[in-house]
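Think of it as A, B, C, D and E in the order they're written, each chain with its own count starting at 1.
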C-alpha cells in the first residue's frame, strides 16, 4: 500500500515537473555572455575551469572542505583495528600496475595542465591519481590506511589550506579570491597543483579508509 | 566578516593535522576571536543601519558569488559564536583524553561552525547548497563519531534526512537557474513576480520542503530525537541550538525575499507552516512529557520549540513577526544549549540517562540544576527570560493581526512545556537515598552551561538592541 | 525537442524514482544507490534545462561538477556509517523507530 | 542616574544580591550567610524608611529600562507600592530571624535562604512595578522562587503540594498574561496610573475590557486564593514553617491581593470599573470566599491547615474592601493588607514553635500548651483575637473601616458577611485558645525537641519574632491615628486614588 | 540520427536507473549503478559538457562504484 501510494506520488510529481519544464520560460539573465566577456581576465582559457576556480571559486573552496570533512567523518566513525586480509594477487596484474602507476601520474599532470584551456583540471587529475592508488591497493601493492600519520594529514589538508591561504591572501586585493588578472593564471595553477595532490589523497583515502576491515567491535 | 568563515576553516584543518583529540586551544582561541568579530559586525550594521556586502572574487552577482550581512544574518552570526564559544569550553572538559567520540570533535565542530557562518553570510542559492552540505555532513559526523550501534543508526537516519533535504533544495535551485538564469538572491528577488511560471512555484515548494525536512518540522521530525538524544552532550547542544536554526533562517530568508511575491499571491500558504508548527508544539511536548530518558525529553522539547518558529509565517505581513521569530531562535538556542550541556553534567553525575535516576540531583550538582531551571524558564516562556519575550511578541503580533488562535496555541504550549520541565526539576528535588558517592564534576562543565542559561535570562531583560538589529533587513 | 530538454525530463523522472527509492527502500546500500540516482536527476535538470537551446553554459556545468564531488563525499560517508552499523549489529537496515 | 532613580533599584538589590551570593556559599559558612541575610534585611528597611519619608513629602521615585521597543521594565515607589514594600521589608526581617532559628542544623540552608531572598525580591518587584508587564515578570518570578521552598523537604508529600501549587499558579499566570497582552494590544502600554488607564478606550471596548478584567482577576485571584481558585493554599502547607508564614502573610497571597488593588485602581480606575459593572461580581466572589474559608477552617484538625483556610477567608477582606465602591472600603481593604499580614505571620510563627518545640501539629494536641509555652501562646492569642476583630487589635480597625465602607456603598449585605465571618473566626479560634490555656497538659508531648531551659520555653530566635509581631498587632490598633501608622498611610493612598479627591471623616 | 541516439540514451538511463533500484541481487544492482554512471557520462557528453562527463566517469561511476563494490565485498565476507 505504502509502495503504491509513494510510487504514484513520485509519478505524479515527475509528471508535474515535466509539464512545467516544457513550458516556455522568461530567462532574464544569461551568464554565457558574462563568462565569455570576462574570460580574458580569468587567468585560464577553459570556461568551466574559469567558473570553477575563479568566478565561483568560493563554491569550490567550500566543496573541498566538504570532501575533507567526509574523510574526517569516516575516520571519526570507526576507529577499528584492521585485519587486512591478504588479497589474492595476480603477479601479472601486479607488474602491470607497477608499470601503469607512473603512467597514471603523467596522465594526471597532463590533465591538470590541460584544465587551463580544455576539459580537465584538478578534479579529474585527482581522480586519476586516486584511481592509481586504488589500483595499487587492489593489486596488493598498497596497504589500506589506518589512522593516518601527521605527514599524511598534512598532505590531505595541504591542497585545501593552499586554496584557503590564496583566497584569504587575496583579501589584500579587496575581496576573497580577488585574483589580479596578471597573476590569476599562476595562482590558479598553484591552487590546482595543490588540489590535485590533496584530492588524489582524499579520494584515495575515501577508498582506502573504507576498505579497512573493521574488527568485530571496537 | 569574511574571517568568520575563514577562521573556523583554518582552525578546523589545523586541529585535524594536529591529530586526534587535539586542537581545543586553537578552537577556543579561534572562537573567541570570531565572537569579537561577530560583535563587531553586529555593531557596525546596527550603527550604520544598512546591510554590508562582500563580492567574492570581485566579480559581483550574477557572475560571481555575493556575501551579504544584514541585521538578521548578523544576529544569527552573533548567536552562533556566542553559543559555540561556551560549548567549546564545555566540550574541552567533556571529552576525556583517548575518548574515541572526541577524537575528531574539534575539526568536525570547526567545519560545522564554518558551514553555519558561511550559510548566514551567503547571498547565492547554489553556494548555500554547498554550505548546507558542509553543515549537514559535519553534523552527521558529530552524531556518529565513535558511537555505538544506536548512535550510528541515528546518524544514518539523520544523514538520509539531510541528504534528501539538500537534494530537494538543489532541485529547486536547478529549476530557479533554469527559469531565471541566476542563483544570486539579490538579482533574483526583483525578477520573481506573482505571475511566475509554474516551474518557479515548484522550485519554491521543493526548496521550502527540503529545508523544513532539515529543520525537523513536524511531520519531518522523525530523525531529530534519536540524533539529538543519542549524541554526546556537546554535540546535542550544538545541533539543537544552532544547526536546525540554520535551515529555519533560510526558510525565513527565502520567504521574505525572493518568494515573497508568490506567497503574497496565495496567502493561505502561510498557514501551512503554522499548522505544522502547531502540531509540532503539541506532538513534541506530549512526547517530551512521556519520555523516560532525559536527553530524549530534551530532544522532543526541541521538536516542540521549533514549532513556535513556524507560527510566525502568517504574521509576516505585519510588523514585529521577524523580531518575534529571531527572539525565539535566540531564546531556544541559548536555553537548549544550556539544557543539553546541563543534561550532560547530570548524566555524568548520576551515571544514568533516565529521569527517574535524577532523584536527589539537586544536592549533588546544585549549580547545574539551577542552570536547568533557568533554561527551563526560557523554554516555558516564563518571565524574565528571552523565551517570554519571544512568546510575548508572537502573541502581540497575532492579536494585532486578529489571529488570536495563534496566541492561544502559544499560551497552551507554554503550559505543556511547564509540565515536562517541572517533571525533571521535581524529580531532582526528591530526597534520594544516599547511594554511591557523588562523581565529581568539573567546573568547566558546569559553568559554561550556566553562562548560556544566564544569557537566555538576561536577554529577556534587555532585547532592544537585538530587535533593532534584526529590524535592519536587506 | 532539444537534447537539453529531453535530458531534463529524464532527470525529472530519475529524481522522482530516486526519491521514491530513498523513502521506500529499507536496505541501506540500495538506499544509497537511490540517493545517487536522485542526485543525478537533479544534475541533469540543472544542465539540461539551462541548455534547452543546446547552447552550452559553463556556469551550471561547474555547479554540477561541484555537486558530483559533494555527492561522492556524502556517499562515502554513508557507506562508512552503513559498514560501521553492519559491524556493530550485523544489520543492513535501520531498526524500526526506536524513539 | 539620580537618587530618585536608583533608590527603588537599591531596594530590590538589597535582597537580590545577598540571595545570589548565598546560593554560592558553601553549606558550612553559617556566620557569613547569617550576616548577609541580616545585612540585606536591615539595609532594605533603611532604604524603605528613606522612601517613605520621601513619598510622604511628595517626592516621586521611579526608573525604567526598555526591554523591547515599546515595552519597558518600569518601577515606581508610590504610596500604594510602599505600603506593600514596607510590610514585606518588616516581615522579611522577622521571618529571616525566625528561619535562622527554625532551620538550625537543617540541611541545604544555602539553597533555602537563596530562594527565600529571591522570593522577597520578587515581592518587592511586584510592589514597585509601574506597569502590568513588570508586575507580571515579578509575579511569575515569585511562583518560581517559592516552588523550591514549598518542596524544600523533598518528600513525596512535599512534591504533591508543590505540583498542585505550580499547576494553579502557572495556569493562573497564563490567564494573567493573556489579559495583559490583550490590554497591551488595545492600549499600546500597560502603565499604572492614578484613576486608571483603561477608560481611555471608547465605550465600544466595554465587552473586551470586561473579559480582560476577568482574565486579570482570575490570574491574580489564584495567588489571592479567591474561591474557587484557592485549592493550592492548604496543600502548600507542607512547606517549612517560615515559608508558610511568608507565603501566607506576605509574599504569595498578598501579591495576589495587591495585584487586585493595582488592577482595580490603577489599570481600570475605580470609577471606570464601577461603570463597567465588574465590581459587584468581584465583591460577591470575595464575600463567598470569606464565608467559605472560615467555614472550612472550622473542620480542620491540622493547625496549619486551619490557619490556611483562615488565610483564604481573610485575604478576601482586602478584595472586598477594594470592590466596595468608595474610599472608606478602600481604606479598610488596604489597611487590612498590612494588618492581616502582621496577625497571620504571628499565628504561623507560633504554629511553627509548637511543632518545632513540642511536636504539636494538630488542634487536638494543643491541650495545656499555654502553660508549657506561655509567651508563644500569648502571641498566638493576640493574633487570633485580632483575626476575630476583637477590640484593641489591628483586626478591629480593619473591620470597622470595612463595615463603614460597606454601609457607605449601600451594600449592607457585606456587613452581614463580615459579622458572619467574625463569628466563624471565633468559633474556630476560641476552642484552640481554650485548649491551650485551660486544659491540662498530657503526660507527654508528641515530640519534645527543645527542652525548656529555665524560663525560656524555646529557642529565643523562635520566640522573639512572634512576640514582636504580636506587639505590632496591638500597636497598629492603639496608635492607629498617629502619623506613620498603616491606617494613616492607607488614607493617604485613598486620597490619591480617587479622582475627585476624598473627604475623610 | 542524434535525436534517435538521445532517445535511446534516455531510455537506457531510465532503464538502468530503475533496474538498479529494483533488481533483486545487490551485486547486480551495483553493477547496474556503475553502468548507469557510465551512461550518465555519455549523456553529459551529449550535453556538451565533457568536463562533467570525465568527472562522472571517474568519480561518479568509477570511485563510487569501487566504493560500493568494496563495501559489498566486505559485507559478504563478514556474513560468510
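Quick note on the criterion: a residue touches a chain if its C-beta (ideal position, glycine included) is under 8 Å from a C-beta of that chain, and two chains touch if they have at least 3 such contacts.
All values reported here derive from a predicted model rather than from experimental measurement.
Chemist: What chains do chain B and chain C have as common neighbours?
Modeler: Common neighbours, chain B/chain C: A.
Chemist: If you take the chains that touch chain C and keep only those that also touch chain D, what is left?
Modeler: Expected: B.
Chemist: Remove chain D from consideration and name each group of chains that's still held together by touch.
Modeler: one piece
Chemist: Which chain has its C-alpha centroid farthest away from the centroid of chain C?
Modeler: That would be chain D.
Chemist: Report the most central chain, judged by the distance from each chain's C-alpha mean to the global C-alpha mean.
Modeler: B
Chemist: Report back the single chain whose CA centre is most distant from the CA centre of chain B.
Modeler: The chain lying farthest from chain B is D.
Chemist: Busiest chain-chain interface by contact pairs, anyone?
Modeler: Top-ranked chain pair by contact count is A-B.
Chemist: Please compute the C-alpha centroid of chain D, do the same for chain E, then give the distance between them in whole Å.
Modeler: For chain D versus chain E, the centre distance works out to 79 Å.
Chemist: Roughly how many whole angstrom separate the Cα centroids of chain A and chain B?
Modeler: So the centre of chain A lies 30 Å away from the centre of chain B.
Chemist: Which whole number of Å gives the spacing of the CA centres of chain A and chain C?
Modeler: About 17 Å, centre to centre.
Chemist: Can you give the whole-Å distance between the Cα centres of chain B and chain D?
Modeler: 43
Chemist: So which bits of chain C are touching at least two other chains?
Modeler: 8-9, 13, 15, 17-19, 23, 43, 45, 49, 59, 61, 63, 65-66, 69-70, 72-74, 76-77, 79, 81-84, 87-88
Chemist: Send over the residues of chain B in touch with two or more other chains.
Modeler: As it turns out, chain B has residues touching two or more other chains at 126, 130, 133, 137, 140-141, 144, 152, 155, 175, 178, 181.
Chemist: If you look at chain A, which of its residues touch at least two other chains?
Modeler: 17, 21, 31, 35, 48, 55-56, 59, 63, 66, 69-70, 73, 77, 123, 203, 206, 210
Chemist: Looking at the whole structure, which two-chain pairs count as touching?
Modeler: A-B, A-C, A-E, B-C, B-D, C-E
Chemist: Show which residues of chain A lie in contact with chain E when the two form their complex.
Modeler: 48, 119-121, 123-124, 127-128, 130-131, 134, 203, 206-207, 210-211, 213
Chemist: Under the touch definition given earlier, write down the residues of chain C that touch chain E in their complex.
Modeler: Answer in residue numbers: 1, 3-4, 6-7, 9-10, 13-14, 17-18, 21, 25, 27, 29-30, 32-34, 36-37, 40, 43-44, 47-48, 51, 54, 56, 61, 64-65, 68-69, 71-72, 75-76, 79, 82-83, 86-87, 90, 92.
Chemist: Where on chain C is chain B touching in the complex?
Modeler: 8, 15, 18-19, 22-23, 28, 31, 35, 38-39, 41-43, 45-46, 49-50, 52, 59-60, 63, 66-67, 70, 73-74, 77-78, 81-82, 84-85, 88-89, 94-95, 97-99
Chemist: Can you tell me which positions in chain D touch chain B when the two form their complex?
Modeler: Those residues of chain D that touch chain B are 23, 65-69, 71, 73, 107-108, 111, 136-137, 140-141, 143-144, 147-148, 151, 153-156, 159, 162-163, 166, 170-171, 173-174, 177-178, 181-182, 184-185.
Chemist: In their complex, what parts of chain C are in touch with chain A?
Modeler: It is residues 5, 8-9, 12-13, 15-17, 19-20, 23-24, 45, 49, 55, 57-59, 61-63, 65-66, 69-70, 72-74, 76-77, 79-81, 83-84, 87-88 of chain C that touch chain A.
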